[in-house]
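Next, two complexes with chain A in common: one pairs it with chain B, the other with chain C.
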Partner chain A sequence: MSRIGVFICHCGENISRTVDVERVAAQVGTLPGVAFSTDYKYMCSDPGQGLLKKAIQEQRLSHVVVAACSPRMHEKTFRKAVESAGLNPFLCEMANIREHCSWVHEDREEATRKAIEIVGMMVERVKKNRVLPTITVPVTKRSLVIGGGIAGIQAALDIADCGHEVVLVEREPSIGGHMAQLSETFPTLDCSQCIMTPKMVDVANHPKIKLYTYAEIEHVEGYIGNFQVTVRKKARSVDEDKCTGCGVCMTKCPQKKIPNTFDRNLGMRPAIYVPFPQAVPNTPVIDRENCTKFKTGKCGVCQKVCGPGAVDYEQEDQLIVEPVGAIVVATGFDLYSIEEKPKGSPIKGYGEFGHGKIPDVIDGMTFERLASASGPTGGKILRPSDGREPKQIVFIQCVGSRAREKGISYCSKICCMYTAKHTMLYHHKVHDGQAYVFFMDARTPGKSYDEFWRRSIEEEEAVYIRGMVSRLYQKGDKIVVMGSDIAVGVQVEIEADMVVLATAVQPQKGADTLAQKLGISYDKYHFYSEAHAKLRPVECATAGIYLAGACQGPKDIPDTVSQASAAAAKVMTLFAKDKLEREPIVAKVREAGCVGCFYCQKVCPYGAVEEKEIRDRQGNLVKVVAYVNPGVCGGCGTCQATCPSKSVELDGYTDEQIVAMIEAL
Partner chain B sequence: MTGRNETVHTEGQKHAFEPKIIAFVCTWCTYAGADLAGTSRMQYPANVRVLKFPCTGRIDPVFILKAFQQGADGVLVSGCHPGDCHYIAGNFHARRRFAAFRKLLEFVGIDLGRLQFSWVSAAEGGKWVEMVTDLTERVRHMGPMQEFKELALEEQWSGVIDTPELKEVYNSI
Partner chain C sequence: MTPKKALNYAYYPGCSLHASAGEYDLSTRELFKKLDIGLTEVPDWFCCGATPAHNVDELLSLSLCAKNLELAEQVEGDLAVACAACFSRLKTAQHVLAESDIKRRQVEKAIDAPVPLTSNVKHLLDILARDLGLEQLEQAVTKPLAGLKVACYYGCLLTRPTDVPNLDCVEAPTIMEDILKAAGAETVAWSHRMECCGANFTLSRPGVVIQLSHAILDSAKEAGADCIMVACPLCHGNLDIRQKEIEGVYNTEYAMPVFYITQLVGLATGLGADKLGLDALIVNPMPLLKEKGLV
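What follows is the complex of A and B.
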């Protein structure tokens, strides 16, 4: 006979306000099998846990039900307490009478009755709970970092500096990400390249970092401590070991008119190229779509001029499997482009700001390239249409962001600050020019941020107009910008030479596909979801996967770097142990019942089901049955619901336990 | 079937019939969504009892039958949206299984208005509230679930062989 202890929490007044906790304790105390039942103000507090431990020992309790908040909140807390009192932690269950009861009902009588039923259900369930041993798995102390922008670089360096190997995978031919494209950074106006390139070189030279550029994640298998990641190293057409980075090929390539995406298509590049002169690695790649050799079979100039014979047109994509124990996702962001969006996209386009139609309407990143000393104009602010210096320039903030009707309701966080920075850069370069900014609010929380923004108005003479732009059109070589100044209540019309749109920050294209490969969740915009918004901001709900940077939400550089270091710290915490305990919620096969149909194997999303031969004493094969590898099993239970002979069972969620709950109703 | 919006459930209003609703949900999405409804202090009828599963993939249709048998008047099954399964693909298996199961129930003659399948993510506290409220209202209009109770009765009756024809057939088997 079980001796169940039931503990009803008041949660201060959060529960007791609508639920008569004493009545619940009295009522469930009469259920068969319940030996002890009480209520307490804060069960999770130190005295509350003490009460629990004392009762377990004094009352010789066999099982425990804590009726309090959601198990998602405190299940771990109470299981730990139960364990320290000498009971197996899995003999403890939580009944959720806060989130699912006291907070969602007002009627005290109804809520109390519901609470009694909820607790009653858990009492019946816990009777069927079994002792589960903790499962330990080894930890592979190597880490994968996806994305070679500042977030990925920082995380990789931190982990590698701790002595653990890092595999860094970057989709582009060079690491550096968006930060490498920036001119100066707020709020200090230091040159982005100058602080970024040394870090890029550190990555390339670090003995513990294995760098794959021009590579993507093909496939991910396994679980925390034991992932198997397949990396697709795309064919570069240049042998990285032979190439000396002399760059002769690039100067001799006859195909020179390919828009340079790194320069936001303002400049041109050859078909064999490095994205920018400071690229790491400094090994060119052939853009096969635009290479004459690949299109027509003729040319082959680069191969002829290459001294070390590094150019290899036959090179193929390579698939490499890397075993790692932890994964840091740092895939960063992309910018919203305002053209009309295809039907069915959750995000709509503006169309009306002329982006993509009027050449001198550019976005913020394009402005960065214009302002950058290493950019296509050598740092001169010039109009893309005619190369003239714009004397009147209009910046429009919140393009895409905070526009629910366009499908994005969030604030992109960085635009207020970078627009302020743009007005300064402009003022430093075009002394007789005038900058106007259309803005909704200035959001400048952050160390020295508001001071920076004020400086753009007070010292750099930017004119801020609170209001949105209603219309914008080309008139001769001017762009007429019409909008309202809601602070003064007048309409304004500016004849601008150039317009810069602070377009919204969005997750990278394909963020959803990558999330599906990794088995992590994302929100409706495809930003990756952290496990807990406040308390676990860098972990994914999927164990062993961590987030850094703008892939999780819009972020500036300081925030990104902090988060990257935090993610690295989490990885190191994981690597501090040699073995890992995992929840023993795994499936087990009852071999006697198993008929070897292997339906379970077909449905198992983790590929955890293996084949096992059963032999008699003479060694003759009796039958082949299913075997669930407890290290691989994710614990979803799909196999159990599928098994026609009911021979596989998920610990912690057995048929017995669930039926007991249903029968308690 | 009665339209779902005919009566508005007002808090505290007493009804002649209070249906029993059982919800089978997955931990990662719908359970978390229901938690969010709680932390946001949204209000909904107190008729629902939640059973937590790791994944909708674990939910055996037998549990739904069992719930009806135990006197549930409505059953709700809900998990992560397709593509968002915490266990990669458990909910796809669940979806296929339930599609077949619904057909079967329909064939047996159970009003499908009593059984709802929906996807509710961890961020959709509002959707959870809406769903529970709608289903409670709907089932309240439909009245108590009799089919299973009648079936149970029938089963008992069939055990009594009281006509001569039946006896004859019985003896010849």
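What follows is the complex of A and C.
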């Protein structure tokens, strides 16, 4: 006979305001198998937990039901308390009488009756609970970082500095990400390259960091502590070991008319190239789509001029398997493009801003390249159309951001600050120029941020106009900006020489595909979702995978770097133990009943179901059954629901337990 | 020319086409006859409330549109609408009533009938460009409008409001240009294709209309257009009827004929000036059409 203890929590007044907790305690005390029941104001507090432990020992309780909040909140807390009192933690269950009862009902009488029923169900359920042993798995103390922008670089350096190996995978031919493209950074106006490139070099030289550039994640298998990651190292057509980075191949390449994407198509680059002079690694890559040799078979100049003989047209993609214990995702962001969006896309374009058809309407990142000392104009602000210095420049904020009717409702967070920075850079370089900014709100929370924004107005003479722009059009060599000033209530028309659009931050293209490979979740915009917005902000719901930077949502550099270090700290926490403890809520197959249909294998989102051969004593194959790898199983129960012969059961959620709950009603 | 299938529509001309925009009505009927597209006028139709009603009483405005939609059910075929304001209102009403059960019930009580929410409301542009098709239209052209530079003017209502599924891309539509190109004309790229002409402020706030319409005429002229093409009686009123007055206020001269789409396409299919009501236009288009050898 079980001796069940039931502990009813008031949750301050959260529960007791609506539910008569004393009556619940008295009523469930009479249920068969219940040896003890009581109520307390804060069951999760130290005295509350003490009360629970004391009762277990004094009353020799065999099972425990805590009627309180959601198990999401405190199941761990109470199971720990139960364990410290000498019981198996999985003999403790929670009855949710807060979210499922007191918060959603008003009538005290009915809520009390419902609470009694909820607790009664859990009493019946807990009787069927089994003692479950904790599962331990080994940990591979190496980590993978996906993305070589500032977030990935910071996380990789932090982990590697702690002595653990890191594999850093970057899609582009060089690390550096968007930060390497920026001119100067807010709020200190220090040169982005000057603070970025030394870190890039550190990564390349770190003995604990293995760097794969021009590489992508092909496939991910395994689970926390034991991932097997397949990396596709794309053919660079240049042997990294032989190349000295002299650059002769690039200067001799006859094909020089390929838009330079790093410079936002403002300049041209050859077919064999490094994205920018400070690239790490400084090994060129052949852009096979645009290379004459690959297109027509004629040319081969780069191979002829290469002294060390590093150019290799035969090179093929390589697949490399890396075992790692943890993964940091730092794939960053992409900018919303102002082009017209295809029909059917939930995101609508900005046809009214000229479809990118007016050459002097550019986006913020293009302005960064114009302002950058290493950019296509050597840091001079010049119009793309005729190379003239713009004397009147209009910045438009919130292009794509906070525009529900255009498909994106979130704030892109960094545009207010980077536009303020742009007005300053402009004023520093074009002293007699005038900058105007159309804005909805100025959102500048952050250390020294508001001061920075104020400075752009008070010292750098930017004119801020509160209101949106309805349309731009070309008139001669000017761009007429038609907007409104809602502070004064008038319509405004400005004849500008150049217009800069502060376009929204969006996740990288292909963010969803990568998420599917990793088995992590993402929101409707394809930003990756954290496990808990406040308390687990750098972890994914999938164990062993962590997030850093703008792949999770718009972020500025300081936030990105902090989060990257936080993700690194989480990885180190994981690596601090040699063995990893896992909850034993996993599925088990009853081999006698299993007919080997493997429907469970098809539906398992974790890939935890394996095939197992059953042989008789003579070694003859009797049948093939399913086997659930407890290290991989996520405990979702999909296999249990799918199994046609009812041969799979999830520990802690057995049919017996569920039926007992239903019968208690 | 072999028609793909017989096209037949219920026709909702709207008030303007029976009054100030008679030439739009005339040219529409003639063009459709020429293209072998059937038009049957909705019996007993009445005003849709046009642009003012919804500012005064939403229920009234929705009910007026709903009743017209219901009347149109008596005639076989999708509903063809010529006026941009009627088109916008009928589409909007359908959209609003489909989204809100409460409003739909109120309106159904008011008109004492169910609202046809799924019936197809189509602007003439849609019928020409998509139902008939540009290829078919091109085949019907016997007198291409070669050498005529046209500024296609959309105004506010053809593609708006933005959240109502509408005729073409909200901010950068091309449907008028597509049709005109099929008719052999040249279209100009100009800045004020989508600006408001002042719409129905023409009587209450003429000053506003003069200022806005002036900008449109100016922009079309600057882009080198010979004429403007519209698909809305309100736009036509402001740009054509008030053109002389605008010229006076700004001390300039445009002499810019403003055609309805059906008039220009009609010309291209070989219809004569008399069947298109060209004499009803205030800015005389004849000198231009003669110069280009189109009449």
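Keep this in mind: the second predicted complex is superposed on the first by the 623 of 665 C-alpha atoms of A that agree within 3 Å, B and C clash if a C-alpha of one lies under 4 Å from a C-alpha of the other, contacts with A are read in each partner's own complex, and residues count from 1 in each chain.
We take it that a contact is a pair of C-beta atoms (placed from the backbone, for glycine too) under 8 Å apart; a residue touches a chain by one contact, two chains touch by 3 or more.
These numbers were taken from a predicted model, which means no experiment stands behind them.
**Q** Between chain B and chain C, point out the one touching more chain A residues.
**A** In the superposed model, B touches more residues of chain A.
**Q** Can A:349 be said to touch chain B (first), chain C (second), both, or neither?
**A** A:349 sits against chain C, while chain B stays out of touch.
**Q** Once the shared chain is lined up, is A:107 touching chain B (first), chain C (second), both, or neither of them?
**A** It touches chain B, and chain C stays clear.
**Q** Could you tell me if A:405 is touching chain B, chain C, both of them or neither one (first, second, both, neither)?
**A** In the superposition, A:405 contacts chain C only.
**Q** Give one of first, second, both or neither to describe whether A:605 is in contact with chain B, with chain C, with both, or with none.
**A** first
**Q** Under the stated touch criterion, which partner chain does A:541 make contact with: chain B (first), chain C (second), both, or neither?
**A** first
**Q** Applying the document's contact rule, which stretches of chain B touch chain A when the two form their complex?
**A** Checking each residue of chain B against chain A gives 11-12, 20, 22, 27-28, 31-32, 34-35, 37-39, 41-44, 46, 49-55, 57-61, 63, 66-67, 70-72, 80, 83-90, 93-94, 97, 122-123, 129.
**Q** In the complex of these two chains, what residues of chain A are touching chain C?
**A** Touching chain C: residues 340, 343, 348-352, 355, 405, 471, 473-475, 480 of chain A.
**Q** Using the touch definition from the top, list the residues of chain A that touch chain B in their complex.
**A** Spelled out, the residues of chain A in touch with chain B are 70-72, 96, 98-101, 103-107, 110-111, 113-114, 117-118, 121, 512, 516, 519, 521-524, 529, 541-542, 585, 603, 605-606, 634-638, 640-642, 650, 653, 655, 658-659, 661-663, 665.
**Q** What residues of chain C sit close enough to touch chain A in their complex?
**A** Those residues of chain C that touch chain A are 162-163, 169-172, 191-192, 194-195, 219, 222.
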